[in-house]
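Sharing a structure below in structure tokens format, with a few things to ask.
Should a chain be cited, it is by its letter among A, B, C and D, assigned in written order, with residues numbered from 1 in that chain.
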């Protein structure tokens, strides 16, 4: 089970803004939706923090998630980062709305090795229909946390689709 | 175990080209590398076909890979597609080279539901250092195969890193 | 003034589909909008062909559009390609709708040198709100046409904004 | 001629790092290369600041650069932003190296209207072969500066190509 003694710092970008949620129940909604993502159990991810416009997830190294060099597969890094970005966007959506990633781009800066990975999703520009988010994945290397990947994820607010 | 009666058609793009592999052992190298990707076992993916410049993978629906609506998570679609693209690039690389995705972009066109998914990775532009690939994921919907996602993946040839 | 003896071939992708326009006046609407794009005059671009789901533009080499190596700047290649993609999407939109690029990604495969450049924009997946398009830019090299860049462009249909 | 009374603030990201240039002549090299980009004259862009890992450019509104709604065309925003990102990367490259954008992605957050635009290019991850940069374009709206677009640009260091 992932564990973290230190609360992650809010990103500089988020600190400069004061995103106001449209629905005060955003944290509860996110936790409920996260619990329905079976893939999050498969990768053993957990929620570190939820703020308006920023969600931080964490997941540990598992051999079952690796590519041919023994690092976490880029697609798995994408998986957790896309969820972090999606929930960051979701935190600012009105009640009853649903979140849909329409596209994302990821840059893989360093091999994803380490024991624990932290995925930070942040809203860059909220919108009624389209929300642009950014994500970062950090690994716990020998010299402290290391940035492993960055994502830009474009998200659509969907008003008529219920979660399973 | 995934099963397919029909051999997948080569994409129109690939048919128009005649990529010449630099190493005749490319298929063997790809199968060996694929076997080292533990994540491919986790998602139960298998190789449908390997040609110079094109690799097709397949994976079945699994509840353990789903997001909150019960569809395959976009990151898992990315995972298999990134591997298909990577191996398409790998098929044209010289002996001893290794493949590294430096970035990819995915557009999610339709929810990934269905029983079986086919991921096609194709080389668009091979290069000594940088190879640009494209990927498509299809699902077996009621009305036949349906395009679910498209990817562009930029891949670097690495000459000094051995597989695990 | 750009000139072309040969009609450009339809892309294999477009040939396989039969996009049906929602408004038969699509060609007229595109030509009118194109005429309002002052930047198209600056880069001396012209329309080669308009079909449902595919628009082809052309522009000549001009020193005023070059980067430090004397090639056409990647951003100018993007400019014409984004317009080609946007009008490809526009060709399938209903009367009164307007087209808005929300994001695009371009891969620069070869330096943009040559005398004449052809930008092909194609609809990959039309949608009521979001249309995904793909673009390719070709240059007239010594050995015939050469693929210089590929784009994926995500476009939103806007219903309440009039053209200038 | 563009003019700016206030020095632009360094981005939070850059302030946290201390990029060390490999060649102390980086500013001179950038100014010389910028002067060779004919397109920068066409869009009337100028250099606001050059720091190791960050370059800021500026350009004014011109009707000749507009799309059909009278806003600056997304491709022109991309043009200046790509140059800002490229020169940010270039600032950390060794003497004799040349800079090549291999791909970029831009998200268009708001229409590019206003009188003056500022393009900030920042190095996110420098590398011997591949440097990942990020860019932002701001416009001077009525309520102060407004973020109009964000870019991620992947850049390759080229060692054997001289500028024109």
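By definition in this document, a contact is a pair of C-beta atoms (placed from the backbone, for glycine too) under 8 Å apart; a residue touches a chain by one contact, two chains touch by 3 or more.
This one's a predicted model, so the numbers in the text were calculated from it and none came from an experiment.
The equivalent interface to A-D, defined as the listed pair sharing over half of its contact pairs by residue number with it, is B-C out of B-D, A-B or B-C. Placing every chain at the mean of its C-alpha atoms, the farthest one from subunit B is found to be D. Computed centre separation for the pair subunit C/subunit D is 24 angstrom, with centres defined by C-alpha atoms. Here the spacing of subunit A and subunit C, counted between their Cα centres, is 34 Å. With touch defined as above, residues shared between interfaces to two or more other chains in subunit B number as follows: 102-103, 105, 107, 132, 152, 154. Put simply, subunit D touches subunit B in their complex at residues 102-103, 105, 129-130, 132, 152, 154, 156. On the subunit A side of its complex with subunit B, the touching residues are 33-34, 36-39, 41-42, 63-70, 73-76, 78-83, 98, 100-108, 161, 163-164.
The residues of subunit D lying in touch with subunit A in their complex are 12-13, 16, 105, 107, 109-110, 124-125, 132, 134, 147, 150, 152, 154.
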